[in-house]
Structures are given as C-alpha cells and as structure tokens.
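Below: the structure, in structure tokens.
Chain nomenclature is as follows: A, B and C, assigned in order of appearance, with residue numbering initiated at 1 for each chain independently.
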C-alpha cells in the first residue's frame, strides 16, 4: 500500500489503522509521503504518454518560490492502482509534474458549441446516467486543441437534470489507462465507497437521491484532484425543487479555467505545474472561450431567465454579471430558500453553484461575464440576445 | 467590419448574422480573431502615444506560461472605430500589449484627497449627469503619477447619488483619441445601444431609471474591457431606496487595483500585460493608497455609519473589515432586503457592491481595510475617527 | 516620530495632528513614507536575526512587476518602538523585505496534531485569556520546520470559546524582540488603545464583551500586518449565542497559507516578499498540511456537526466543502441569524468566519477541503470519519 497523497484516506480498516497511526514512525512516513506530493509535485505514471513538447516549457514563468513545480527526468515505472480514489497513485511520482496528454492518434473532436439549455426533466422518479471516462482531444477555439480528460467526450460533461427526491442510478465506465472516479456534489453518500476509483475497462455504480435543489458540480475525485478536475473531468447536475420555481428559460453555465502546456503533436496538454501557479491561459463558460459571443443565447422579450451557474474552477471564482441587466433574485443556497434580491454581480466559489434570475423585459444584446476581468478577459464572456 | 474581440457582439443585424454564423468559415474566422485577442493580447493603436519606458519593462516577472503577454515591435497603423463598444478595435493589434499613456505635455493633476462623503440627493425626480472622458496624469502618492484614463479628470470618477425610480439623464463626451463608452450597473437597458462607444469629440446620451437600491459600479465598457476598466475609467453610483434607510453618515468607497508600467516622462502607464498577470502594484480605496490614513473619515460618537462599497477591481475581491468594530448589517443585495447581521468581514466581488453598516458608539480610531492582506497591504487601508 | 507605514494612524494627539496634516509639506512627507513602505517594501529591523539562507532565494519566481520586493543588503540599524501598533517601525527599513527567523538555538516544537475540538464553555460569565508572543520553530510536516511567530507557541494560537455577553479579560505578554499586539475581531473597542503594540518583556491588557455570535479571527495587528499575520500570529475565538444552537459536535478550523523562504539552519522563515506574491507553499487547516488525513475527526452517526471556519489568510479565500455531504445550514453572519440552506460549497474571505452545519446521518469517510484546488491541493484537506 502506497499512500503518498495529500488527500489521503485515514484508513481502510478502521481498528487496525487507528493503532498503526499512533506510532511515530508511521506518522512520519505518512507525512513524508504527503509532503513529497504536496510540496514536490507528483510525477507522471506509466499510464500516460510521455510528454514531447514542440517548444520548451516556460516553467520560469510560473509563480511561486523554491517549491514550485519543476519538470524532471522521465521515469515511467508502473504504479499500483488503488480503488480508494484518495489513495490512487497512478499519477504520483516524485520529481515530475504530470500533464494530461492524449494517446497518439486519438481523433480530435472538432469545435462544437456546447448547448447551454437545461435539458427537460424525466417524467419518472428515477434517471439512469452512464458516463464514460475518455481521452478526447477537443478543439476549443480556432487555434487551440486541448488533451481532454473527459466524461463522455466533452468538456464539460453532459448536463444532468433531476428533481429533489428523484433517484439517480449512476455508472462510470473507465476507458482510460489512468484510474478515475465520480464525485457528485448533489449526492449525500459515503465517498470512500461511492466515489472510489475504477481502473481501465471497469465500472463503478451507485445510486443517490438529491435532498437539496440547486446547481451542483460533479467531477473526478481521484488524487491528485487538482489534476483530474483541472484536466476537464467535470460538469453540472441541476436539481430542481419538487415545487416548480417560476416558469423560466433555463440555461446552465459551467465556469472553468484551463492551464495548458506547450503543444504535443498539435494538442496542448493540461499542465499540473501551471494549475498550481494559478494563472490560467483560458477561462470559459462551458468549455470554449467566448463561444456564446458567436452563437448567443436567444430568449423572448418578457421571459424570465434562470442561469444555473456552476463553478468547476479548479481554483478561481466567478463573479457573474449580465451587462445592462440586474438579477432580481440570486439563490445562494437551495431554491427557493436562501434568496437575495437586486444584484449586479455575485461571486460563485470554485466548487460551488448558484442560480441567477432576471426578467428579460428589455430587448437587446446583453453580454454576460465573469466580472473579475483579469480572468473574464480570457474567454469567460458570452451574449444573451433578447428578441423583440 | 473587424471583430477580433473576446466580448464580441453576436451580430448587428440579427437575421443576416444568424445565417452567416452558421457557416463554418465564418465561425473559424471569428474564433481565430477572438483567439488572437484573448491569447496573444491586443496591440496598441495609433491613437496612443508610443511607450518610451525610462527603464526596461520587467515582463519576466509576470505570471503565466507560454501565452503570457509579450511586448512587441511598434506597429501603429490606424484602426477603424466601431460604435459598438464590444466591437471597438482601437486598441487591438496583434503582438503588442497596450498601455495607457497620456499625450505629451498633459498637465498633471496634483494630489488631492478624494472626498468619500455620499453627496446629497437632488430634490427632484431626475438628475443630469454629464461626464467627459479625459487623459489626466494624476499624482496618487508622493512618488507616483499614473496616466489616468478618467471620467471628469479623476480616479474614480464622480460619485452619483439618486433614488430608486429617479431618472438619470446621462451624457458622455469623449475628449480622448481612443473611443470610450459608459456601462452603469444601476441601469437596466439595451447595452448594445446605450453602452456604445463614442469617438473623439462626440457624445453618447441615454436615460435610465434604477429599479434597485444599492452601490453600483459604473465603468467604460469598450473592448478590451479589462484595459479600459483597469486604466481608471470607473466610479460609483449609489441608489438609495425610496423609503429612507435608518439615518446614518454615509461614505462611498471604490476599491480598485492599479497595474503599472515603468515611468514614461515621469508618468506610469497602466499596463495591460500586468493586468493579466493579476499582481497589482497599488490597491486603493478611492484611487489613492492610504489617503484616509492621513486624513481620516470623522464621525460623531453614536452615529450610524453606512459604507457603500463598490469594487471596481478589475480582478481582485475586497474583504471589507473595520478594525475594532463589527457590522450590525451588511446588505448583500438591494437594501433594505438581503441583509445579514453581526459580520466581521465580507467579500465584495470585482464588479459588485454592498452596503456595510455599523453603530459608531465607541470613540476611537478605527482602521478599515481589505483584509486580504496581500492586497490590502498595498494601500487599501484608511481610518475612521469616532469623536467623543 | 516615524510613520512610514501603510496603515498609519491618523494622529496621536488629534488637535495637533489635524493642524499638522493640513500643511502640504507634512502631507508629502507622509505620503513619501507610506509610499516607500507600500511600494518598496520595508526592511528588516535589528530585532530580527539576519537571514542566512542555505540556498539562494528564488525571488525571480515571484509574480509582479517593477515594484516587486527585492532582497537587499543587510542593514540592521535599531528602529524606535512605537506603542501605536499602526505606527510601529521595528520591521521597517527601505530596500529590504523582512522575513521571520527564529533566534539561533531556539528549540523546535515537534509535530503535534492540533486538536480541532471546540473547547467547553466556562460556567461563569467571564474568562481570563493570557497569551504570550513567542518565537517557536514548529515542525509542521515531516520535512518542514517553520520559524513561527506564535501566540503561546503554536500556529494557530489557542482556541478561545465564550458566549455573547461574557467578558473576556485579555492579556498579551511579549517575549519577542519585535513589538506585537492583539486584534480580536470579536471585540468592539478602540483599537488605537486596546490593540496597541507592546515591547519585549511588557504586557498589554484589555477587556471586551462580544456582542455577536460567530467564529472570529484574532491576530497580531502590528504594522506591517501582512508580515505579522502571515508569520503565524493568529487564531480563532468562537462566540456561542446565549440561547444554544442545536446540539452538535463542534470543530474549529483555522484556514491559512504559508509563504516560506529557503531554510536557515533547517528552519524556513516566513517571507514577506513571497506573501506579497500571493503564491503560497503550503495551505492548511489548523497549521499543518493534511494533518486530519492522518488523524481524522471522528463523530457518531446521527450527530449534527458544526464547523466553525475562520480564515486567517493572510490573502486567499477558503471555499469550504465536505466531500459526499451537504451543509443544511451555513451562517453567513451571527448565528442563529443570516442562515442559508442546502449548500455544497461557500467561500470564507480572508479575515472572515462562518459556521457550517451538516447532519452526519451517513457512515463513512468524508474529506473536507478548500475546493479552490490550486490552494487546497497544497494541504487544506482533512477527513471526518462518521462511525456506524
């Protein structure tokens, strides 16, 4: 058992571990391992294709001091998969920062606008959701293809929609060499079991019944979470309350930032070292910079509009704002509770979600942005067109 | 028509554009343009004086990776002005980061404390507000003059005060070579028309009637917004509710950060590349570092004090706190709704505003700060003196 | 009188200072001093042991432009202590960034888990709290010892627990060469007097009576606050309401980030220049990275759990989240007011505090994290084990 992870599970077998952990030696071993990962940065497991940059990496640009991540010599020894997602070590190797690259020859998914419409509810009280973890290089703009780690081939993954009290039957099948898992923020469940990692060719299934309405993040929770989450493995589940909210046109926006390395065969890997430096290349709503500037949302004059905003991060906040409009209601928690009124801008934290409502009573073209403009200027903008 | 902007308007003529946008060719052209701006950084248009740094720029200090902004060769071709502020290209030129410099010989505005008092309301139901976009180098501290892009010669611009339901008749006259526009967060209006850019010597006018009370940002919304907003073109409009809030001494604080380049003829330009690097030189309340440490707010013991805090950003949040005091009420939304109670510190997001109230029942000297001290230490501090 | 501080008190003797401050000369002197500190970075006073790095400092990694802090030649002239904590100059010296190092030979405190349990209330209506400011090198992980500036030898300092309306009799005794002070966010009091600095071998005492319930930060408020706060001088005071909240297992989490320099005799100093660069090495709950991964919180199935989360910062926010769980209640302000419901993640600003409640009705192992994963991955993770 190898446990060099910063989000290490406390034990697998409670009584044994409790004793073991009381020994000084064991504690120090644990801490050395945790520290090595946290401070030195994990290396790249054998499961990943070696990184062959087309240009030198610019790691001197990264923020940070003596402990900033440094690329290291290749060392691709195979690591043992551990089903506890917090103990997984596939990406852990001292002295080398991992980056997500796609296996050579993986077909590129062409640019496609991500449909922001909230999907309709099922008529039943249960829904089946089956996702597949897949390597997919995705064209996110005219000059950028990213080496996506995806749920079902897209970044973000599919939008899930259900109601409070419905049952979600979920299955994740892993088609990638690296182990993955699924953490639904809408689920109240033992994560040690439900959110466990699954190896290539295998699946993990669990059921959950959302207790609260809201816009919730889902994401891969396998260690190091920053790497899995930051490489594209996230999406939104919207849980509607059982008593319907006011009738509205409903859209889903997943805000996230991309930290990219130099292209490898024309595809830019997600770069863990740069994730830790916190200065992204691109910031998006629904995975493509400025995609809704080209093909805006369109609503009718007089309609109520509800934005379910989920912030996948992995790190930055999203100060959501619609130019020329004001939100009559923002739900800080589960609708219809936790409402505040008359809002120009409110921040959704990384890992959080809120619902923003306005009345589209004025025709026109209304940009929506992350008003933290140092981030928003990198692509977190779009347009809502209100027709006459 | 040139549309290389990350916050591009979706179309000008909806039916035509809807067709055009469905063609792959058009989409790719758009995305290449958007991407060029977002990822490469726009250049400097002919309208701006060329930057002659007195010392070499330290761009190697900037955070970021392969796509970080780089200064490039001068290339001052004239760009066509576009009245749609989101389509304006005056500052857009590939390969060069713009910086705001004042025309040679522009007189420097000497240091002057910004009066933080909320101006009185008009007795009528309408107010006229006429701003002028002007280059003004401003002395913000003993050793720093910044090349302000201003509304009416100051950073922030004048405080506007009205009530819910009043009509604001607004005019912006542009005296600068670069096009500018005005986005009032207190207005619910078609931004494509009202917030359009206006060229040198011309004006734009519109009316609006605030629906919600609160402290709202106004700012230039011309593309790239980060550059215009980050160069000083912002201020606060306070909208009081029609039924008066509890009687109080009312102050307005506009929080903002300054990202500056090396001096040009003794004046430090605002630097777009550094705005994207997100590490400011100076952080202020009302445009001067620590100005209210020298000349504090003064209130009487027993008075209620209301701080209308607007965060102009452009990027960082403001965790507002008064040392030695606690807010009995913070309005997260439009007063008197959306109140929370018994608060030490609450964050106002960039682009947002909130009202913070306390009872000044204890005599003394009370510092107020952005308690995110990595930012606050750069000048976002001041003092309120409560007299006996 | 020397007043080169960015958080300068407005005056000591109001009438005199008011006159003096009206002269242009005086204002310019003040501003030059304030500016020198803010923009150039204060130097290191004689009170601190000179920094002898075992490896070269990597200041080229720091974010920022031309005004970024730079280490400078040693210049250890003695500075005069000023009892007004905002005017203290012990650390102020132009051209050199201070770092917190321990006097040679100071014994290292070995690693010890910080007990997160909320201490029981006193039965009386008053409590005595006596802290000592001490240099203590602390082993925070297997490979890292930090040169702590501490209250009573630990980072964070001791947890204080009282009720609304109780009286806290507080004394700080300073055992360090550098002056220190104490700012309780739970106190409403004249900070100029109560939060004044005290010199080595001396003490400062004051009483306060909390008006609001909540989780409040306490910290050293001596200038520059970023340096004192960022070097370990902080902790939590929890104020329970007089009418008890629902019965719960109560834990206290103080979130903070560490900005460290290269080791000096095996001990890493806190580095002011890196604090201003805002990219931490380590982010913790209760002062040790991942300590509750090794020895988790343990609660019984069916218990209500209340996390009192205080964010010491000094700069970053904490997006608090429990994996596999949801908060039924988050108190944004003083409990039982200001509650929102059905929350996955909510951000606590630096300098703020909130209470997060959940019902531990599901057995399992639940990680808790700062879901801003660029920060959280650096150690702000732990586990709560819910027993069957």
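The definition used in the following text is that contacts are C-beta pairs under 8 Å (C-beta built on N, C-alpha and C of every residue); 3 or more make two chains touch, one makes a residue touch a chain.
Here the structure is a predicted model, which means the values were calculated and not measured.
In terms of which chains touch, the assembly is arranged so that all chains touch all other chains.
Because subunit A and subunit C carry the same sequence, their contact can be compared by residue number, and under half of the numbers here are used by both.
Chain geometry summary: the mean Cα position of subunit A and that of subunit C are 31 Å apart. Annotation for subunit B: residues touching 2 or more other chains are 60, 62-63, 277-278, 317, 332, 347. The residues of subunit B lying in touch with subunit C in their complex are 55, 57-58, 60-63, 111, 141-144, 259-262, 271, 274, 277-279, 281-282, 289-290, 293-296, 317, 319, 321, 323-326, 330, 332, 340-347, 361-367, 369, 371-379, 381, 383, 385.
Those residues of subunit C that touch subunit B in the shared complex are 6-10, 14, 21, 27-32, 34-36, 38-39, 60, 62-68, 86, 183, 185-195, 211-214, 216-217, 221, 224-226, 229-230, 275-278, 313-317, 332-334, 337-338, 347, 349-353.
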